[in-house]
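As structure tokens, the structure follows; a few thoughts come after it.
Each chain carries a letter (A, B, C and D) given by its place in the written order, and its residues are counted from 1.
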Amino acid sequence: MAIVLGENRYGKAENRVFRITRQGDTHEILDLNVSVQLMGDFTETHLTGDNAKVLPTDTQKNTVFALSHKLGPLEPEAFGIALARHFIGTQQYVSGAEIRIEQYPWQRIVSKGKPHPRAFRRDGSHVRTATVRASREGASLRAWVTSGLEKLVVLKTGDSAFKGYLRDAFTTLKETDDRIMATEVTACWRWSTCDPSKLDGVDWATSHRTAMDTMLAVYADHYSLSLQQTLFAMGEAVLKQQDAIAAVRLSLPNKHHFVVDLSPFGQRNANEVHIAADRPYGFIEAVVQRDDAPPPPATWPNW
Amino acid sequence: MAIVLGENRYGKAENRVFRITRQGDTHEILDLNVSVQLMGDFTETHLTGDNAKVLPTDTQKNTVFALSHKLGPLEPEAFGIALARHFIGTQQYVSGAEIRIEQYPWQRIVSKGKPHPRAFRRDGSHVRTATVRASREGASLRAWVTSGLEKLVVLKTGDSAFKGYLRDAFTTLKETDDRIMATEVTACWRWSTCDPSKLDGVDWATSHRTAMDTMLAVYADHYSLSLQQTLFAMGEAVLKQQDAIAAVRLSLPNKHHFVVDLSPFGQRNANEVHIAADRPYGFIEAVVQRDDAPPPPATWPNW
Amino acid sequence: MAIVLGENRYGKAENRVFRITRQGDTHEILDLNVSVQLMGDFTETHLTGDNAKVLPTDTQKNTVFALSHKLGPLEPEAFGIALARHFIGTQQYVSGAEIRIEQYPWQRIVSKGKPHPRAFRRDGSHVRTATVRASREGASLRAWVTSGLEKLVVLKTGDSAFKGYLRDAFTTLKETDDRIMATEVTACWRWSTCDPSKLDGVDWATSHRTAMDTMLAVYADHYSLSLQQTLFAMGEAVLKQQDAIAAVRLSLPNKHHFVVDLSPFGQRNANEVHIAADRPYGFIEAVVQRDDAPPPPATWPNW
Amino acid sequence: MAIVLGENRYGKAENRVFRITRQGDTHEILDLNVSVQLMGDFTETHLTGDNAKVLPTDTQKNTVFALSHKLGPLEPEAFGIALARHFIGTQQYVSGAEIRIEQYPWQRIVSKGKPHPRAFRRDGSHVRTATVRASREGASLRAWVTSGLEKLVVLKTGDSAFKGYLRDAFTTLKETDDRIMATEVTACWRWSTCDPSKLDGVDWATSHRTAMDTMLAVYADHYSLSLQQTLFAMGEAVLKQQDAIAAVRLSLPNKHHFVVDLSPFGQRNANEVHIAADRPYGFIEAVVQRDDAPPPPATWPNW
């Protein structure tokens, strides 16, 4: 028996890239948080501290900013592919890369009834995400792309029931056909192809906006018998809408809002006044996928 | 010399009240975080542990929910006044109360082009705040009310300079007439009267919305020579607009975005690619007030 | 009626100063978070954007690091006084300063049974704080100093009751003479003198350590009839111990741990299994002071 | 092509279990955060909302507290195995479970020179973790156990260099043989066997303490040529020490402390005064394993 190096990677995390693109007096902005992880031939630095094959994370940071300048305001998925291509294409010891990008949305401030050309406010309703996992394949690149979103908090005050569930000795929950159902959506969807040339024409912004709008509409319109059912319906709608997406993964914490018992004070609370609870919370996770979806890429071991 | 009890107060913090108001199939929601602090004759519990004059914080919590049910969906300022009036009016040992309320805004989800009657998404752009500081004045109540907002993140990509400043031996900053100016606005504004009956007719929601919109518009339109100048202009505009407000207090961290030096890589960065920094940050605080503003209420000692 | 500038201040917040002091191969470290706010003659920058009297916050940052280098590893209170003295003493337009410092404690890593001379682990049990509020008084300086601590989480499983309290229509709480009492201590204590020369000889580190140890011991040994009573006893003990301290302010959230009702499952839970709750929480605040304590300094308006 | 349900699981997250074990007047405490996720035959609830096979997360919560009461103060790994065994053993539709537990360490408060029998302070230096991934295997259970820790912040002021690294067009970093090396350790180590009966005799507490102490000592004593080298040495030492552990996974953010350039002020900063930076940060992750380590369990897809 010997002790050996297993899976490993390294990089520079949370490079906060903020870009202005000027078209005369009107400015567009792009606000990204870019994290780079590189995989490759890094055994020596682990075993002996010989750094000859190590591209410093400081250099990776410089590269992120310099490429952002050179390439202009790319969508997160496209910037991720470009960064992966750069590191794998120019660094002989790098065989793979994972680029994770968060995009923070902004809206123009409205002044005198018009969107201002150079002033913005944060749209705190969600964070857009993109992840590119790429590897060298001979002379070319394979790139698995996922798009997604986080921190999208939604709540519905009707059209939600939970009953008919399994009971055992530890069951005390009452059935209900009128409950608040609230969650904070974390969603990501992976693209079928891993040939980056086939992704060149994707309109990432439109795809993302329609995916989010679709999930929101399904959530709103759906009569929910369980959060699982709602989850499946949300993922299914995205797949029906966009052929190039292979699968959707959703993580939905059940943000409980409990009806407050006011009967000790002689008040009848008809599901009107609730207390919003923090912990514990239900947590529902699932993948909705095409039955012919290609397998997902290898990911960092999460045991 | 003796050791004595000084200022003191106690209460239940962060009661998360979530209300549904149903008008047929259309629901309105109200999402509050209510904190109560009571002042009064509480020396005994501190000195001997005799709790005969102590209204438990658990009871305060029950009261918050029961009164929310009884009073319906009040605006935060009005609910704060009502809670203060209840505690001071019904509890003989309570002489003062501070009620702090955060309101989390929500928007209706749009489905099929229409706002949904029962489905909502969090509007994460800001948090609305209200504080009521009240005390018994003979048979009546004095109530100092402040309205406010927090976590409103804004950024402008033009119309901002910083130059002509004082220099000393530790100055290395370069002057600029083209910088990103970004901040996270914390604002509160206090109402002139402390006679609650004079506040009965206030349309708190409209007042708050117009104050926020006004500050945003000033921020956007203003050519800024310093963040201080912008702060004053924002506060001044609110006072010019709403006669019943005595003073505005603003706290504006300077969320620095630094131009990245790409010259080592032969690239000329024309204020295009920036790095968003976390710490340290400039921090500007000021009160803008009418010269005949009544004095503010006593507050909790903050030394 | 005119609109005027009220109280105002500005500065650089959260300068993260980390110092190494080498004595041969043995190193001492000092880990501070230093925030500076200056008060003075800053009306012009607010009204017209004329910055001629404004010392940039960037310069303040440089000053913090340069003075830390020049002055060596001072205790937080002493460093705060030195910074206040520098800004007020060298800047004609600055008449006052508030310096807030957090110190993060570290312990030496133990290796082969001995504390390592150059390797450390964060002691996450608390954060030490110091605040200096200073103003120019003719040719000299007045400085109000407070020392303190934050994030000290304590819990006792016995010797705590809560009963005999006031009851009203909203009371549902049961009396108990066996409850968990837990809190996260935020404490600060102010020094009687505001003549900084009288503070030159103070052993700040020893004073702080003994104050914290004393409060911990009182908390542990005290039979508590209310959290208020425990608060008073903790503050009183510090004042009895250290003559130069005028007053202690304590803020104690009641971190509730509720006994779980297991009777539906036929189990008798003898105050053994609890659920730790997040919100809402009781919140107890008070000042314990000498009856001849000098008045506290003016602080930033907190309405 | 059809749209189908892929991997899925659900459960109750963050059950905050706090236990007191009384031995006369001396109390032991155990502070856990327990999250349950169940896998099994849950297609129906996703596709039709039929909940007949769904054990509500509320019931899972009740079960966690009831079993904690019944089983007594188990170590996190043992409690995780017991919970997994319960859910898989009693629920016919459940085929697998993942139990994640955080344990928050506490120390006794010292009063009058002695540890107090019933009063405690939080030891904020780290969080202990345990994860059990279990599945039904015929009539028995397979259980993959990992132990770990999080939030252990360490720093060394000497014995750390970084040089000899790869250079490219984007390299600006200077080599150093005297740098601060600081990180926040997240570590987990998985046990070789997945036969829970073979784990019955493990002294989890001792194993955990020695693993942590060993990693700390290696970190302190190691002369580091790269954070990767230090990571490998830390993992290797744990494997050399404890035969039953198959692999160690470490995630080490490089918490940068930069030497402040004081030369503009005529000061020579001999690596004495640093600024602690927040973002971006280097991030090093690797697995150190035995060459005959059994494969890890399947984990939740993380694309």
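As a convention for this text, a residue touches a chain if its C-beta (ideal position, glycine included) is under 8 Å from a C-beta of that chain, and two chains touch if they have at least 3 such contacts.
Bear in mind that the values here come from a model prediction, so they are computed numbers and not experimental data.
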Pick out whichever of the two, B-D or A-B, is joined by more C-beta pairs in contact.
-> A-B
Is the contact between subunit C and subunit D built from the same residue numbers on each copy (over half shared) or from different ones (under half shared)?
-> same
Go ahead and note the Å separation of the Cα centroids belonging to subunit B and subunit D.
-> 38
Per the centroid of Cα atoms for each chain, what is the distance between subunit A and subunit B, given in Å?
-> 31
Subunit A: which residues touch two or more other chains?
-> 15-16, 62, 66, 170, 172, 264-265, 279
The subunit C residues in contact with subunit B across the complex are 1-16, 35, 37, 42, 45-59, 61-63, 66, 90-91, 93, 131, 133, 144, 146, 162-168, 170-173, 188, 190, 224-226, 228-229, 231-232, 236, 239-240, 247, 249, 253-254, 279-293, 296-297, 299-303
How about subunit A: which of its residues touch subunit C in the complex?
-> 169-170, 172, 264-265, 278-279
Subunit B partner, complex, touching residues on subunit A are 15-22, 25, 27, 29, 31, 62, 65-66, 68-70, 106-107, 109-112, 116, 118-126, 151-159, 180, 213, 216-217, 219-221, 257, 260, 262, 264-265, 267, 269, 271-277
